[in-house]
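First up is the structure itself, then whatever we jot down about it.
Chain naming follows the written order as A, B, C and D, and within any one chain the residues start at number 1.
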Amino acid sequence: MGALAIKNVTKSFGDTHILKGIDIEIESGQFLILVGPSGCGKSTLMNIIAGLESPTTGEVHIGGRVVNNVAPKDRDIAMVFQSYALYPTMNVRQNIAFGMETRGVPKKEQDEIIARVAKMLQMDHLLDRKPSQLSGGQRQRVAMGRALARDPILFLFDEPLSNLDAKLRVEMRTEIKQLHHRLKTTIVYVTHDQIEAMTLGDKIAVMKDGVIQQFGSPQEIYDQPANLFVASFIGSPSMNFIPCHLAEQDGQLGVSLQSEGEARFIALPQAAKLTGSVGKKVILGIRPEQFDVVGEQGLACKVHLTEPTGPDTMVLTQLNGIEVCARLHPREAKGPGDTVRLQPDVSKAVLFDAESEARLA
Amino acid sequence: MSNPTQSAHYGFAERWLPRLVLAPSFLLTILFVYGFIAWNGYLSFTSSRLLPNFEWAGLVQYQALFESERWWVAVKNLFIFGGLFIGGAMAVGIFLAILLDQKIRGEGALRTIYLYPMALSFIVTGTAWKWMLNPGLGLEKLMHDWGFANFTFDWLVNPDTSIYTVVIAAMWQSSGFVMALFLAGLRGIDDSIIKAAQIDGASLPRIYWKIILPALRPVFFSTLMILCHIAIKSFDLVMALTGGGPGFASDVPATFMYAMAFTRGQTGLGAASATMMLMTVAAIVVPYLYSELRGNRNA
Amino acid sequence: MQTLRITLCAAAMTVAFAANAAEVEVLHWWTSGGEAKAAGELKKMLEAKGDKWKDFAVAGGAGENAMTALKTRVVSGNPPAAAQIKGPAIQEWGDEGVLASLDDVAKADGWDKVLPKVVIDTMKYKGHYVAAPVNVHRVNWLWVNPELLKKVNAKAPTTWDEFFKTAEALQKAGIQPVAYGGQPWQDSTVFETVALGVGGVDFYKKAFINLDQGTLKSATMVKVLETYKKIKPYTDKNAAGREWNLATSMVINGKAAMQFMGDWAKGEFLAAGKVPGKDFLCVAAPGTANAYTFNIDSFAMFKLANKDAVKGQNDLASTLVSPQFQEIFNLNKGSIPVRLGADMSKFDDCGKQSAKDFAADNKSGSLVPSFAHGMAMHSATQGAIYDVVSQYWNDDNMTAKAAADKLATAAKTK
Amino acid sequence: MPKFWRGALYAALLVAALYYLLPLYVMVVTSLKTMDQIRAGNLLSLPTSISFEAWGKAWSSACTGVDCGGLQPFFWNSVRMVIPAVLISTTLGALNGYVLSKWRFRGSELTFALILFGVFIPFQVVLLPMAQTLGWFGIANSIAGLVTVHVIYGLASTTLFFRNYYVSIPDELIKAARLDGAGFWRIFLRIIIPMSTPIIMVVLIWQFTQIWNDFLFGVVFSAGDSKPITVGLNNLANTSTSVKEYNVDMSAALIAALPTILVYVFAGKYFVRGLTAGAVKG
């Protein structure tokens, strides 16, 4: 049985429906990411898993048992909060010990656990400080330590890195991943940051408006986004969405791309099953890295702007009257005003229905 | 693992304990505030004289109240007093708060000096104020002694002006508190806003007027509420300073009610005036509470 | 009488041996010099009877705070044993059904025989004694500092013309003619004295006892009001809110020449060591030599649950009316004993004069109750009239005619 | 020019300070004079020699009605009344604020509004019904009765103060504590209370001042031996012989005011600090 199963969970306040039927199941030891823009219901879902809020309908299973009526403290979980939620009047040691004290862990055992956790997170020297005397990163560490001391079957992380500066965030991200490898505990991790989602997760649930848009592995979600929203949310810079019409040429289905008055038919093998929809308005999704600079056969595109990031250079241009970004090798990128000839790698391109925004192919 | 006691405990703690904890205060409030308001409301429709009785008498007390010249003097005074006092205390308090916010040496001591009148009962300071404002004993005499023979300051004993002495004393008592509230608010404002405005070339007064004070809107409103409530309930102050006099020239609704219900055997009339006071308070406070609590829900 | 004494003694003994002596809680507002001394005497005599006096003094105003305290005490079902209540207020409290009957004490001590009828009528509610009288105050006195008057070669005025002539002369001589305390009850005290002096006894009765509309609006009333207001220029402007005894002390200290006030003012003179007839004069207010505004202080007794306390209450009532107490108390308070034919030998001239006039006016029917002191009308009406009088006194723009009309309206207050 | 403005600033602040200090100055100076000095000098003149005679008299021998024991007994009555009243109303206020901010339930906002409105009720309205109720409970005219009254009518403001302060404590702390297994009471005692020092100071100071200074409830709900100091002071100030002893009156007034003045002088900074810490909103 899975470590965590959420079955048809809904949550409403009066007429406001925060969650509209969530189903998720993960295996023991997996790292689940709940990702989505703010207001998508991911934090509510997290609170329901933790038992801090109760679902309107549906069931939550943790470690194989239904926990709907189990108090948070009895669910065998630990949580790290965005604001860390360290008790400001207690020092680090007391912060970590508080939960154990409540559960009646003997003093000696408490000390051992604190020592072990402190060592694991390299914060021995911080144990006697108050939270106000710690830096952001240190606080984050203490918050994790508090959760670790619990030794739970399920870790919950509620946007734990969003209050850190960029460099620290990357460091801690790695550290959390290492921790997960070492401990093999199941983790549920809420974030709005798609890089965190991609780098950390075994499974990602992309949420919007109280609905799971897609649930799958990071690669699945990246390569085969279920809809326009998922495609736009995951990946940075975002996927390019080019409106076009489905056309047929030489018995192949494809779309036409225009640039600088020049049009070119691009055949899409994956669209083969869409024969009945010729002439329909669709949206072609191409990720920036799926453009190659080629010779004369490429589509001439005028460069508007370039954004070098070091390893790559983002080139902004226009296709079908839409701003399009291509990730190019710096050597191949030209300066603004110049023309580059681009060839999309259609094998990985996706097609969305312009109306429903669902993926067609 | 999941046992029923635990889930019961969860339900209890989550649902019933908070209500249980709040219950005593809730009941006390229902009984001792709303019960008594209802009691008073009922009394206002009776012919209660010396002591409360419960014989229904209709609207006679309200009729008597609206025909009473003294009541209208009291109402007028409340508006004069309320307007001047609230405006004055607010202006002085804000002004002092701004001055004190300029990194003043000895701020702590000055703050205490401005705030201490709040600590004193008017039963205490009324004696001193009465003395100072009395033309024959206080400031006027002092000025005469110092050779300003034409100086007159007889507001206390002049029926047209005695209410203003109440304003002076009330401002003395409350403006320090206003200062403290606004100073607290000013300290909570991000310095960078001031810096940004200074870079924009705004002068200091302009910065306060255009940027900082508007940012203190919440403080402003809560202070306004506190002052309104002091003004409407002002009783000790008037009793100690003028006793509502000369005559009933400085009567306010609170003293009117007290005089009718307690000194004179007109409990019913007193109850009617109290009901009018309560309705005034409700008219001011209820919309405020409503918006305040709605605001909190959205936040 | 004898048996009662014995019973009382026995009772006192029992009580003395019991855990607590009967505690008699007495609410009063006798807090100024002479008054407090008089109250002290009462305490002493009661303690001599084995009762414990529990002082419930509430100072301020003319007992305004005291009335508030009393009301809440009664409402809470825990009234004091006795409270300083007088005049028609006794009837009002009687209506509320909270007063205790003193008929046993009254019968044993023969109150019916020793008290004048006006007094008895006031003390009884529906035929039962519910209050014990302690004294009779005369309100229509004029207190005079003779030394100051001598400076302008005047003697104590007996008519209003004389009064104003004297006042004018004093003013010119740089002496403040009238000491005045600007509190509502004092405003009305002076006003009723003027009314009696200008309008006479019948006018006074019609206006303030019968509350006759015609009389209240009459030309005489206008004249009364005009005369009253004429006094104002002869007072100082610091008078507003001044306590009566501070005004009295102005006369005592020679800061002002005259004061209209009841005979409790005498207590202040005496307390300051002044001698009547020499250091100060008491004369009937102008035009009122043959009339007498009386103010009878009394204690109404409240129904108590505690038996011991009832015993103490009866002791208190009996003590209040006893000749010894009447004498010693009234010597301090400035008033005269309420008992008929009381021995006045220890009293000063003012007291003797008052007692003589009281007896004479009792016969002639020119004894009138003081409305300013709650002897003539219900508290609500009295309060409404207070309001008009004080407003008129303080508002220099109000005409006497307007004030008279307002008085008539106020008199309708029920 | 800035120097000039700086000077003007300090001048304005000092003038304001004088305005606030004047009545206190008058009281202190007068209390230290003898009656002769009061007559000879004026309002502001300093005493030629300092005399504490009036203070002694006000404390232990001035007359309030028939009793001449000074303010002493009233002072201790006030102390006996103010301590339980402040502690109980503060405790209840803290609990209410905790529930209303951290354990909201359907109807809790309405309850808060209902309690809050109680701040605005004119106290004269409740005197008579309260008297009757206290009578029913058998605590009329006792210190216990006074404490009850002060607790009931202090609830609204203490609840308001605590609730507004607790609203600013992040909810995540409560969640963390619940995950740590702490329940309603444990969270309150171990997490919330230790964080409440600033607001507790504000409420203690506020309640102490309000209750100590109250006159209306004191005069109405107390009897002979339970009268608080404000009532004693009022009696003393209105008990006068033909000479009004201003020095004794002023000493008495200062004695009555001393505890609250001291509280403000020594704890005033906590008051301002506590207000800054979040009590302002509301």
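Odds and ends about this structure:
Keep in mind that, in the parts below, a contact is a pair of C-beta atoms (placed from the backbone, for glycine too) under 8 Å apart; a residue touches a chain by one contact, two chains touch by 3 or more.
To keep track of the chains, here are their UniProt names: A = Multiple sugar transport system ATP-binding protein; B, D = Glucose/mannose transport system permease protein; C = Probable sugar-binding periplasmic protein.
Remember, it's a predicted structure, so these values are computed and weren't measured experimentally.
Seen from the C-alpha centroid of chain C, the farthest chain centroid is that of A. Interface comparison, B-D versus B-C: the higher count of C-beta contacts falls to B-D. For the pair chain B and chain D, the distance between mean C-alpha positions equals 15 Å. Taking each chain's centre as the mean of its C-alpha atoms, chain B lies 38 Å from chain C.
Between chain A and chain B the centroid-to-centroid distance comes to 54 Å (mean Cα coordinates, whole Å). In chain C, the residues touching two or more other chains are 68, 71, 75. Under the contact definition stated at the top, the residues of chain A that touch 2 or more other chains are 51, 71. Of all residues in chain D, those touching 2 or more other chains are 127-128, 130, 234, 237, listed in ascending order.
By the touch criterion given at the top, residues 9, 13, 15, 17-19, 21-22, 24-26, 28-30, 32-37, 39-40, 52, 92, 96, 99-100, 102, 104, 108, 110-121, 123-125, 127-129, 131-132, 137-139, 141-142, 145, 172, 176, 180-181, 183-185, 187-188, 218-219, 222, 229, 232-233, 235-236, 254, 257-258, 261-262, 267, 270-271, 274, 277-278, 281-282, 285-286, 289-290, 292-293, 296-297 of chain B touch chain D in their complex.
Across the interface of their complex, chain B is touched by residues 9-10, 12-13, 16-17, 19-24, 26-27, 42-44, 92, 95-96, 98-100, 103-105, 108-109, 111-130, 133, 152-153, 155-156, 159, 167, 183-184, 209, 212-216, 230, 233-234, 237, 246, 249-250, 253-254, 256-257, 260-261, 263-265, 268-269, 271-272, 275-276, 279-282 of chain D. Contact residues on chain C toward chain B in their complex (touch as defined above): 61, 64, 67-68, 71, 74-75, 89, 92-93, 95-96, 98, 182-184, 187, 236-241, 378-380, 382-383, 387, 390-391, 393-395, 406, 413. The touching residues of chain D, counted against chain C in their complex, run 63-67, 127-128, 130-132, 134-136, 140-141, 219-221, 223-225, 231, 234-244.
The residues of chain A lying in touch with chain D in their complex are 47, 50-52, 71-73, 77-79, 81-83, 85-90, 98-99, 102-103, 146, 158.
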